[in-house]
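To keep things simple, chains are lettered A, B, C, D, E and F as they appear, and every chain counts its residues starting from 1.
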Amino acid sequence: MKWIVAVIQPHRIDAVREALVGINIQGLTVTEVKGYGRQKGHTEVYRGAEYQINYVPKLKLEIAVDGDLVDSAVEAIASAAQTGKIGDGKIFVLDLESALRIRTGETGGASL
Amino acid sequence: MIDSGDTAWILTATALVLFMTLPGLALFYAGLVQSKNILSVLMHCMAIACLASVLWVIAGYSLAFAEGSAWVGGLSKAFLSGVTRSSESGTIPETLFIMFQMTFAIITPALMVGAYVERIKFSAVLLISGLWIFAIYAPVTHWVWGGGWLAEMGVLDFAGGIVVHVTAGVSALVIAWQLGPRAGFPDGVKPPHAPWMVMVGAAMLWVGWFGFNAGSALSAGADAGMAMLVTHLSAAVASLVWMVIEWVRFGKPSLVGIVTGTIAGLATITPASGYVGPVGGIVLGLAGGIICYLAVDLVKRKMRIDDSLDVLAVHGIGGATGTLLAAVFAAEAFGGSGLGEATMGSQFYVQTVGVVATAIFSGVVTLIICYIAKATTGLRASDDAIIEGLDFADHGENGYNK
Amino acid sequence: MIDSGDTAWILTATALVLFMTLPGLALFYAGLVQSKNILSVLMHCMAIACLASVLWVIAGYSLAFAEGSAWVGGLSKAFLSGVTRSSESGTIPETLFIMFQMTFAIITPALMVGAYVERIKFSAVLLISGLWIFAIYAPVTHWVWGGGWLAEMGVLDFAGGIVVHVTAGVSALVIAWQLGPRAGFPDGVKPPHAPWMVMVGAAMLWVGWFGFNAGSALSAGADAGMAMLVTHLSAAVASLVWMVIEWVRFGKPSLVGIVTGTIAGLATITPASGYVGPVGGIVLGLAGGIICYLAVDLVKRKMRIDDSLDVLAVHGIGGATGTLLAAVFAAEAFGGSGLGEATMGSQFYVQTVGVVATAIFSGVVTLIICYIAKATTGLRASDDAIIEGLDFADHGENGYNK
Amino acid sequence: MIDSGDTAWILTATALVLFMTLPGLALFYAGLVQSKNILSVLMHCMAIACLASVLWVIAGYSLAFAEGSAWVGGLSKAFLSGVTRSSESGTIPETLFIMFQMTFAIITPALMVGAYVERIKFSAVLLISGLWIFAIYAPVTHWVWGGGWLAEMGVLDFAGGIVVHVTAGVSALVIAWQLGPRAGFPDGVKPPHAPWMVMVGAAMLWVGWFGFNAGSALSAGADAGMAMLVTHLSAAVASLVWMVIEWVRFGKPSLVGIVTGTIAGLATITPASGYVGPVGGIVLGLAGGIICYLAVDLVKRKMRIDDSLDVLAVHGIGGATGTLLAAVFAAEAFGGSGLGEATMGSQFYVQTVGVVATAIFSGVVTLIICYIAKATTGLRASDDAIIEGLDFADHGENGYNK
Amino acid sequence: MKWIVAVIQPHRIDAVREALVGINIQGLTVTEVKGYGRQKGHTEVYRGAEYQINYVPKLKLEIAVDGDLVDSAVEAIASAAQTGKIGDGKIFVLDLESALRIRTGETGGASL
Amino acid sequence: MKWIVAVIQPHRIDAVREALVGINIQGLTVTEVKGYGRQKGHTEVYRGAEYQINYVPKLKLEIAVDGDLVDSAVEAIASAAQTGKIGDGKIFVLDLESALRIRTGETGGASL
C-alpha cells in the first residue's frame, strides 16, 4: 500500500474529489495548510504599512491506496488539480506498511 | 429647571458614549492586533473604564469642574460632596452631567491603548491611566470647560478636540516612544487579525459619536441637531477621502482604510461640531481625511515611532485640525454659529494657543508619568510574555478556544 | 416650536437607524456569505452609507422633500441651501429631520447588497448605489412622503414599506438577475460562514427598527408608543412562525431561520406601524412570516434568480404585504387609528397602486442603471476574483488572519 | 398627561433593555460555552424573547399589572383588552409601559439560559420558559410592582432585584439541579470558547442596564440621573473588586473575571438603584463583587450543582444582596432618597421577607415545571446530541463554517 | 521506529490519550482534519436551500514510536477509539527512518 | 528523496524558514497542530473553575528534499528552532518514494 500526500489549490478540492471517486477511491483526509514555495504570498497594506504574507493557503490531501491503484490515483489528482499556474502543488508518495479500520479491525487493502 | 426632553437626550447620549468605549473602541482596537493579544486590548479598555469611573467620582470631576484656579478645579466636589438628587446643572440633573462627563473621562485614556498594545505590562496600564486622569485630563478639562484659562480666552472646543483628542494623541505618542516598538516594526509586524472586528468597532464608534458630539449640546434642540448633522457629514466625507486615496495609491480600497477615515473625520469635527454648519462639516471631513492620512505615514515612516494603532495621527492630529479650523468655519459666512466678538484671526490665535499649550503640557506630564511607571511597575512586558501573547501571559486566557 | 422631548427621541431614533446599517445589517449579511467575502460585504455597507450621506445632502433631500412636482421635488434645497440652525420641521429642528431621513437613504440601498454579494465589482456597487439614490429613492420618497402623487392619493406608508422595502426588494431582484448567479446556485453554494454573526446583526436590526418605525412618528408620544409595540409584536410573531414552519418541515428549527422570520416581520409591519393596533401587529407578523417564507422558495426555486440573501423575498414581499394589509388593519374595527374618509376597499386600491407603480418604476429604472454599469464599470467581478474571494481581490485584505 | 421628554427616555430605555438580551446577554452566554453549542445559546435567547413577547401580550401583562388579588393580577387586560392608542400610564403612553415591561419579561427567563446550556432539549426550553412566565414571573411582578402583597408591605425593588434576579437565579439553580451537570463537571469541562465575545456581551449589558435601571424611573429627571450614576458606579467597583481578587488569588486578572464582576455589580445595584446615592452605589458594588465571587465557588464546589454560567451566584445572590442592602443605603444618612416612615430595621425585615418568599416560591414552582417538562418534552438532550453539540443536533447548523 | 497516523472521531481524543499514556507513550501531534469516507457528511438547510457538507470533522494523530511498541500502540488506539459506528477511523503505519529531539540533539528512540 | 516532518515552536517559524532558504530549500508545507509531550499544557481559571489545556500549540513542517540535502536540512531546522527549552520539538525523517509537480508533470528532485 502507498501513502499519497497531495498539496493542491483549495478551490480544486471538489474536482479532485470527483476524479478520485471516478476511480473508486472514496476515502481521504484533508488538512488546511500554509504553503511556501515558488508561488509567493502577497502584500497587504493597512494604513500605509505593508505586511508580507509569505505563505499561500493550500489543502493537503492524504490518501492511503492499494499499491496497484497508486499510479491512477496520482494521475487523477494531477489532472484534476492542474490549472497551469504556479502554485498548483505537488503529489508525494510514501510507502505504507499497514492500515487498519478501527471499527471492524479489518487490515490491509480491505480497510481502505 | 430640569427639562425632561434635555434630560432624556443626555441620558441617551451618556449611554451612547459609554457604548463608544465598551465595546466600540475595544473592538476597533482588538481587531487591529494579533489574535494572541485580543483579550489584553479588551481588558485594557474594560479596566480603564472601571478605574476612570471611580477616580472621576473621587476627585476627577471636582478637579475639572469645581470652583478653582485658572489651572485646576478645587476639591470642593471631591467624592461628589454636596451633589444631591436634586442638584441641577443647566436643564439636567447634576448627577447626569457628572455621568455624561465621566464617559468622556473613560474614553480619553482608553484611546491611548492604541499606542501601547501588544507589549505593555497590565499593571503599567492601570498606573499610567490613573495618574493621567488626575494629572492631565482633569486639569485640561478645567482649562477648557471648567472655566479655566483657555475658557477665559474664549477657546472653542465643543466636544473635546483639545480636551480629548489632543491630550490623548500626544500622550499616546510619548508612551509609544518610551515603550519602544513592537518586534519587527515598522515592516515586519503582523497584519490586523480581524479586519471585520475593526469595522464593527468603528461602526459603533460612529453611532456613539452622535452622543459625544450632539450630547455636548447638553440639550435636545437646534444645537444638537446641527451637531449630529455635521458630525455625520464629516465622518462620511473623511471615509470617502481615505477610500479614494488608497484606491489611487494601492489600486485597492481597504475596509480598514475606510473606517480609519471614518474615525479621522469624527475626531476632526469633534471640537467644531457645535459651531459649524454643513459646509464646515464637509470641509472638516475633507481636511481630516487628508491630513490624518499623511500623519499616519509621517509618524510611522519619518518619526519611526510605533504608535501602533495611530492614536496621534488619527485622534491627535484630527482633533488639532478641527480645533484650528473651527476658528474659520464657525464664522457665519460659512454657515457657522458665529464668532461673537472675535475675528477669524483672533480666534485662530486662541485655538492655536489651546492646541499647543495642551500638547506640550500633555507631552511633558506623560513623560514624567512614564518615568514613574518605569520606576515602579515597569513599562514593557518581558520578551517571553510578548512572544507568548499578552492574553495568556497577563490574563491567563485565550481569545479563541475553538 | 421645537419640543425637546420630540427632539430627544428623534436624535435617538437617528442613532438607532444608523446602527441598523452600521453594523447591524452589515453583520447580518456578512455572516451569510463565505468567509472569503466577509469584508467585501462590510465594505459595501460602509461605502454605501458614506456615499448616500453625501448625495443626500447634495441633492437627495431636496429631490425628496423640497417643493416640486407630483413626481419629484425641486432643487431649492440642494446642498441644504436655506437650511439654518434654527430651521424647524414640525416640532424638531430641520437639521435633525434631514439626518433622520438620511439614515433611511443609507439603509435602503444597503439592503440591496444582499442581492449581489460574492460576485459584484466594487466600483459597480458605488455606481449603482449612487445613481439609484437619485433616480429611484429620492423620487419615490417624494411620491409618498414629500407631497407627491401617492401622498395626494392618500397612500398609507408610515415608515417605508413602499419607499424602502418595495424599492429595494424589486431593484435587488433586477440586479441579481443581470449579474447572474453565484457558482453552484442554487444547490451547490456554500453555507453561511457565521450563523452566529447573522443573529447578532438581526438582533441589532430589531433594536434599531424601533428607531425606524417609532421614530417615524417624528414625536415622542402615543403614536411612537403604539408603533414600537406593534413593531415588536410583528417581529416576535413572524420569528415564531418561521421557527414552527422549519420545525415541521425539516425537523429542526434553525437560528438563521428564526432571525430571517424576525426581519420578515419587521419589514412587513413597517408601512403599517403607525396605523395599526396590537391585533394588526400580530396578524401582520403571521402574514409576513408565512408569505415571506413562501416567497424565498419561489424566487430561488421557481424564478431561479440568485437574489442571494433574499432581499426581494424578505424585504420586498414583506413590505408589500404590510402596505396592502395596512388598508385593512388601520381600521378602527381592528384597533387601528382609523381610515378617515377612506373605506378599506378604497384604501386597499390606493395601497395597491402604490406598490405596483413603485415596483414597476424601480424595476425598470434599475434595469437601466444595470446597463449603465455594464457599459462603464462593468458589473460582475472576474472569475479569478470570485474564486479568490472579493476580500482580497477587491480590498487586499482577509477577514480572519488568525 | 403624556410628557414627551419622559416618553422619549422610556422609548430609548425600552430599546436598551431589548438590546441587553438581543444580542447582549446572548453573546455573553454564547462566548462562555463550547463552539459546538454557540448557536443553541443564541437560539434560546432569541426564541425566548419572541415567546415571552407574545405571552406577555396574551396574559402576562394582565396577570402582572391588572387589578387583581394580593397574589396575582386579573385577566381584565388579557390580550391588551381596553388598551388604546391614547391610554396613559403616568406620563407615558400605556402601550409604551407595556413594551418597557415586556423587555423585562424577556430578559428574565433568558437569564436562566445560563443554567442549562450545552445539554437541554430545545423543546424543554420553550415549555419551561412559557410556563415560567405565567406561573412565576407574572405573579411575582404583581406582588412587587402590581400592587400585590409585597408592595403593600412597602418592599423596595426599584428595577427588579426580586422580580428579575431572585426569581431567575433560584429557578436557574433548580433547573440545573434537575437537569444534571455537563460531562466532566466540575473540573473536566471545556473552557469558554470565546472570551472576547463574553466581554462584548457584558459591555452591551452594561450599556443596556442604563435603560433597565434609569428607565425604571419611568421619567427623565432627577431619579433617572441618580439611578444611572449609582448603577454605573456599582458596576465599575464590582469589576475592580473581581479583578483584584483574581489578581491576588491566581496572579492574573482575567477578562472573563472582570466582566463577571461587572454583571455582579449591575445585578446587585438593580433593586436599590432608585433609592441610594453614590455612597450606596460604591458600597453595593463592593458587596456585590465580593459576595457573588464567594457564591460562585459555593455553588460549584460545595453544592456541586452545575449552574453552568453562574446564574444563581451572580444574578440571584447579587439581586438578593442589593435588595437587602437597599434597606440600609436608601437612608438619607447615606445619601439615599429616604425610607419614609420605615426604619432601617423594619425595612430590612420587609426586604428579607420579599427575598425569602420569592426564592421559595420560585424554587418550588420551578421544580413542578421541571417535572412537567420531564413528563412531556423531556428535559435533557441525548448523549449523542450533547457530544455532537446542540447546534447541529437541535438546529442543523454550525456556528463557524470557515 | 514507526510513524503511526491515526484518524479518529474528535470526541475520542481523551480516551485515546489515556490509553497511550497507559502504555507510556506521552508524545503525539494532533491535527484537525476533514475526513471523507464511508461516513457521509450531512445536509444543512438555510432558508429552504440545502447545503451539502460532504466531509466529517476528524482528528489526525501522528505518533512516532519505537518499532517494538507499534503493535501495542495500534491496539491501544484502536480499542480506545472504537465506538462501533461508521466513521471510527483508521490507523496507518509507515516506516520512520530517524528522529531527533531539537532541544538536546538526541536521536532515535531516546528522542521520543 | 526524503520526507522531513518537523514539529517546532510557532514563533520559530521565521527563523527556520530563513535557515532553509539559506541552504536553498524554498518549498515546505506548514500545519497548525496541537502537541502533546513533555512540555505540559497549562491551566486556565475561569470564575474559579480550573480548566486543563493539556496540549501546546505547535507548527508542523513537512518538507520533501533530495536525499543528499537531508542532513543539512535537518541541521538547519534544528539549529534555527532551538531555544533550549522543553517543547522545542522534533524532527522526523521518512523515506519518500516519488514526487510530482502538478503544474508541469516534472517528477523526482526536479519537482521540489
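By our rule, contacts are C-beta pairs under 8 Å (C-beta built on N, C-alpha and C of every residue); 3 or more make two chains touch, one makes a residue touch a chain.
Keep in mind that this is a model prediction, so the values were computed, not measured.
S.K.: Determine the shortest chain-contact distance, in steps, between chain B and chain D.
M.R.: When the steps are counted carefully, the minimum from chain B to chain D is 1.
S.K.: Check A-E against C-E and say which one is joined by more contacting C-beta pairs.
M.R.: A-E
S.K.: When the C-alpha atoms of chain B and chain F are each averaged to a single point, how far apart are the two points in Å?
M.R.: From the centre of chain B to the centre of chain F is 45 Å.
S.K.: Using Cα averages as centroids, what's the distance between chain D and chain F in whole Å?
M.R.: That gives a centre separation of 50 Å.
S.K.: Taking each residue of chain C in turn, which ones touch at least two of the other chains?
M.R.: Expected reply: 3-6, 8-9, 12, 190-192, 220, 250, 252, 254, 256, 396-398, 400.
S.K.: Where in chain E do residues touch at least two different other chains?
M.R.: Those would be 31, 44-46, 94-95.
S.K.: When you draw the chains as points and link the ones that touch, which shape shows up: line, ring, star, complete, or other?
M.R.: Here the contact pattern is something else, fitting no line, ring, star or complete shape.
S.K.: If two chains touch, include that pair; go through all of them.
M.R.: In this structure, the chains touch in these pairs: A-B, A-C, A-E, A-F, B-C, B-D, B-F, C-D, C-E, D-E, D-F, E-F.
S.K.: Flag every residue of chain D that touches chain E in the complex, lowest number first.
M.R.: Contact set of chain D toward chain E: 387, 392, 396-398.
S.K.: Help me check something: in the complex, which residues belonging to chain D touch chain B?
M.R.: For this pair, the touching residues of chain D are 3-6, 8-9, 12, 16, 35, 190-196, 199-200, 203-204, 206-207, 210-211, 214, 219-226, 228-229, 232-233, 235-237, 239-240, 243, 250, 252-256, 258-259, 262, 277-278, 282, 335, 337, 400.
S.K.: Per the contact definition, I'd like the list of chain E residues that touch chain D in the complex.
M.R.: For this pair, the touching residues of chain E are 11, 42, 44-46.
S.K.: In their shared complex, at which residues does chain F touch chain E?
M.R.: 2, 5-8, 31-38, 54-55, 58, 60, 74, 77-78, 81-95
S.K.: Touching residues of chain A toward chain B in the complex: what are they?
M.R.: 44-53
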